[in-house]
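Presented sequentially are two complexes of chain A, the first with chain B as partner and the second with chain C.
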Partner chain A sequence: MAEKFDVIVVGAGMAGNAAAYTLAKGGLKVLQIERGETPGSKNVQGAILYADAIEKIIPDFRDDAPLERHLIEQRVWVMDDASYMGTHYRSEDFNKPPYNRYTIIRVHFDQWFNKKAREAGVLTICETTVTDLLIEGGKVVGVRTDRKGGEIRADAVILADGANSRLAVKAGFQPEIKPENVALAVKEIHFLPQETIEARFNIGEEEGVVIEMAGKISAGMMGTGFLYTNKESITLGVGCMLSDFKEQKVTPYELLDRMKAHPSIAPLIAGSEMKEYAAHLIPEGGYHAIPQVYGEGWMIAGDAGQFVNGLHREGSNLAMTTGMLAAQTLIELKVAGKPFSAANLAGYKQKLDDSFVMKDLKKYRRMPEIFHKNKQFFTTYPDLLSKAAQTLIRVDGVDKKSKEKEIRKSFVESRSLFGLIGDAFKFWRAVE
Partner chain B sequence: MSKIEEKLFQDRYRVDADRPHIQIKDAAVCAKCRNQQCTVCCPAGCYSREADGTVALATDGCLECGTCRIICDEHRNVAWEWPRGGFGILFKFG
Partner chain C sequence: MHSVVCIKQVPDSAQIRVHPVTNTIMRQGVPAIINPYDLFALEEALRLKDQFGGTVTVITMGPPMAEAALRKCLSFGADDAILVSDRAFAGSDTLATSYALTATLRKIMETRPVDLIFTGKQTIDGDTAQVGPGIAKRLDCQLLTYVSRIVDLDVEKREIQVERRAEGGVQLLRTATPCLITMLEGTNEMRFGDLEDLFRAARHDLKVWDRAAAGIDAVEMVGLKGSPTVVSKVFAPKPRSKRAEIIEGSDGDPQGLAVALLSRLFTQHPKLEQEIAKRAV
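And then the complex of A and B:
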């Protein structure tokens, strides 16, 4: 392609579409390259859409975006093999428009988002894999693709190529991903009649429920499970750190099947038809794992830059926001007639630091390491809590004082008194 | 059908015949690998242990997650690229 562009965006996921759309709206000439058959066909997410992030880019997205259900209830379950113990928070306040969170089906959403970008003027080419960055004199000047004569030039390239950013690694912009900085999640989508879903979750039309799970379902690994209600389907899955997957013998699909067979989950998906199985990596390294995100003629946005808030299960909103901020940086420079040099692109880092993206990641910077070194939060405590609840609830002629003593003893025996105090402190440090 | 094959049967692919996007660099390295953890961790079950102690790789069911490349961090014995544009897994829902 002899044509030259202001910016090439690699990828048509949340970050890539946000960047491309914003750039085109800002009057820049944008080429977006996607390796899938259509935008979305390589993308995997739970998926929950946070309205705030997309609203800042497309304020009237609710008019035609493919949204499944708005969420009115959040359940958090701590599980052992037979039980769950948890909190459910449901509020009518979440049932008043404008809604705050929605379940979505990523392939449908990405196709819609990319259509918006194309309508704004972006040229999107699919079925094309970017194999390398073109680098001349230390500056990124374009990309090489697997198409014939596939070199394309631009003044800047935004890498929005997802959790496995091969381009950034190949170019030496970031090191290979470490197993301790990434989780592998597997999930399935199960179809059920709309009325069945609404009856099982006690919800009305368009209302949705989220269940986040921890405990035995991660088989001793640092990980969590999830279940989301869509309009006519349920997505559920489980994800654990790769560094933990490396050290044990349960396959990811076996872990998922065990979760589906749990007595608290099986009835929710009973009689459903499974229509897709997917796997994907989630960056979980947090603040300390974030690489250099800009340089001479290049910027990184979304999962490729490890922008995920693991504790709050936020990623797609960080992807959209980083994509938008990268685009805004380029628009401002273009308007001012300044080159896309590293010194000028440092403005992107400043924007990130000033936004919730880096503020939140910095707040939870200690969390990944603390949870890595203290598996008891995923193993011992769920068990102890479940046993304690059962001891208290079961009526069996044992007096309450003795029951309380037994519970106290079980905690101290498992973790020791100092261990308990230390764990409380560590947990607080992780989330403070 | 095994459990994983039943799952993958629901997925849509355009297989790039005879052009695997992932390859094992040196079979001898796998034969000496104690854990052969790729045979456990690959979510599509693409890796299997052979009778002669080596590891066989069939990429047709690959979900393109990158797990095999990242967990092989001691040996770096997995040559991993994206499939050619338009080939590989094509998620319907994602």
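And then the complex of A and C:
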């Protein structure tokens, strides 16, 4: 194809749309290529939208973006098979606009986001897969697609093709993703009437609740579960490290079925109709798994660059931010009349390092390894916590001092005194 | 050669749910697709264009969101697309729809004669198969329904020969063009458009015609007013009471299992056994 672009963006997810939109607004000629039938059709997320990241790109996004509910309550549950022990934080402060977090349905949100990009001047083509990067003299000069007449040239290519970026692997920019660096998450969307959701979660119209779950919900694997309220549906799912699934020989859907049958969750989704089932990989290798993210004429943004903060369940905001920063780097170079060489694109890495993206990922750099090696955080402790709570709450004629002693004993017996101290230290190291 | 293909954007019926209480269709979250039968019509028109040259225009009547369906048709290789969209069309049944589309076709013909009009055999949401014939009747042109193959087209002589699926066999029909063809499913396979088509589709200045632009003066002929069809009741069919039986495999004795199943079948249907015994001889 003879037509040439300033930049080709591969993918129309959060990173791709953020990059394409920012580039077009900056006056660059952008082609965006998406393999799904429509932007968002292949994209899977919980999904919670963090306003801050999108606000930096489209400040007035609240005017017309398809948002489900703004979140006013956060629950964190540590679960064993029959119980949960948790904290709920709810505040009227979250009910004051502008709201900070929303539940969204990605297929709707992504179409809106892409429409904004197209209105800004991006040419988006769908149902087209980029099969290879065109590389000449060590420099990326365009892409090859699966369409007839499918080679298109550009001065730079942004890889925003999601978790497990085949393109980056194929071009040798990063190694194959390792099973211990990637989580497999499955989720379902369950339809329920709006009134039912609002009654069950004690919320008003447009208000939403998040439940984050840890403990035996992941069946001893490194992972967590979640439940989000949408307008007329509930999204719930669970994700664990791929290497753990492989080792434990548990299938993801079994895990999700178990979760739905949990006595604390089943009543929340009772009578609902399952609308959608989806599975997706989430790169959770953290700081140490982040590959080289730029080179001669190319950059990587979003999940493709492993930009996910697993502990805080942040990914889409990192995707948007990295997409935006990649675009800003290119715009600055274009304005200065400088080529998109590796030396110049190093500015992208600098921007990343200066932003919350790399600062947060660096802070939790030890977490993946510590949790991988210490499964007791997902098995023994939830049990112990639940038993301790029960012992304290149950009134049965046993004096409180004996109860405390019993609890102490149960902890020491399971983990030994040194083990407990060690675990506390490890946990602190992981999140320090 | 100028073919006009009439398409419809429909909810993907495979993903539609019926509300358990009100029996109404719940469209929330159901993706909109091009009526699959219409794709066979479009591909047939594109094949004729490959063979004889000319242009393919795609039209649809629908809400603004139907633009996506038209752009997709352009990406397959259609040359032009017109979205006929007006609030006045809301609630149109097949009578009103065929009226509006006929007016649109007449309007198109004012600037460019039309040789063939294509539709799918029916839509998957309405399943009536009435709009195509309705247009043919209103235009007073020949109607070829359930066409499985275009055997021959003589552009000079303005004559077409097609195979049509009929009860008990295939009819070979010849008629004069312009005519209207409703295509049967499975007759061809939609092409994968090339990159140029995708670019053109994304950039195409899509025409949107309102009632006036489509040349419809009579408001009472379209929309709810022009639709005598009344939905008197909507109900969901009851699921079948009998459930399928799962038969466990017997590793050691598949023959025994087969014999046991056969004898059960024959006890329930004695005639079947006689029938098979007769043929075996």
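The definition used in the following text is that the second predicted complex is superposed on the first by the 432 of 432 C-alpha atoms of A that agree within 3 Å, B and C clash if a C-alpha of one lies under 4 Å from a C-alpha of the other, contacts with A are read in each partner's own complex, and residues count from 1 in each chain.
Note that in this section contacts are C-beta pairs under 8 Å (C-beta built on N, C-alpha and C of every residue); 3 or more make two chains touch, one makes a residue touch a chain.
This structure is a prediction, so every number in the text was calculated from the model and none was measured.
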Looking at the overlay, does A:E232 come into contact with chain B only (first), chain C only (second), both, or neither? second
Applying the touch criterion given at the start, work out whether A:R147 contacts chain B, chain C, both or neither, answering first, second, both or neither. both
Which partner chains sit in contact with A:A301 here, chain B, chain C, both or neither? Use first/second/both/neither. neither
In the overlaid three-chain picture, which partner chain does A:L385 touch, first (chain B) or second (chain C), both, or neither? neither
Tell me which partner A:G40 touches in the superposition: chain B (first), chain C (second), both or neither. first
A:I217 in the overlay: touching chain B, chain C, both, or neither? Say first, second, both or neither. neither
Between chain B and chain C, point out the one touching more chain A residues. B
Under the stated touch criterion, which partner chain does A:V186 make contact with: chain B (first), chain C (second), both, or neither? first
Name the contact category of A:V357: first (chain B only), second (chain C only), both, or neither. neither
Between chain B and chain C, whom does A:T124 touch in the aligned arrangement: first, second, both, or neither? second
What residues on chain A does chain C touch that chain B touches too? 41, 105, 107, 127-128, 145, 147, 189, 233, 275-276
Chain B-touching residues of chain A, taken from the complex the two chains share: 35-37, 40-45, 47, 105-108, 110, 126-129, 131, 145-147, 163-164, 166, 176-179, 182, 184, 186, 188-189, 233, 235, 242, 245-246, 248-254, 257, 274-281
Touching chain A in the complex, chain B uses residues 3-4, 7-8, 10-11, 14, 35, 37, 40-41, 43-45, 63-67, 69-71, 73, 80-86, 88-94
The chain C residues in contact with chain A across the complex are 17, 20, 26, 28-29, 31, 68, 75, 192-196, 198-199, 202-203
Contact residues on chain A for chain C in the complex? 1, 3, 38, 41, 105, 107, 123-125, 127-128, 145, 147-150, 152, 189, 191, 232-233, 273, 275-276
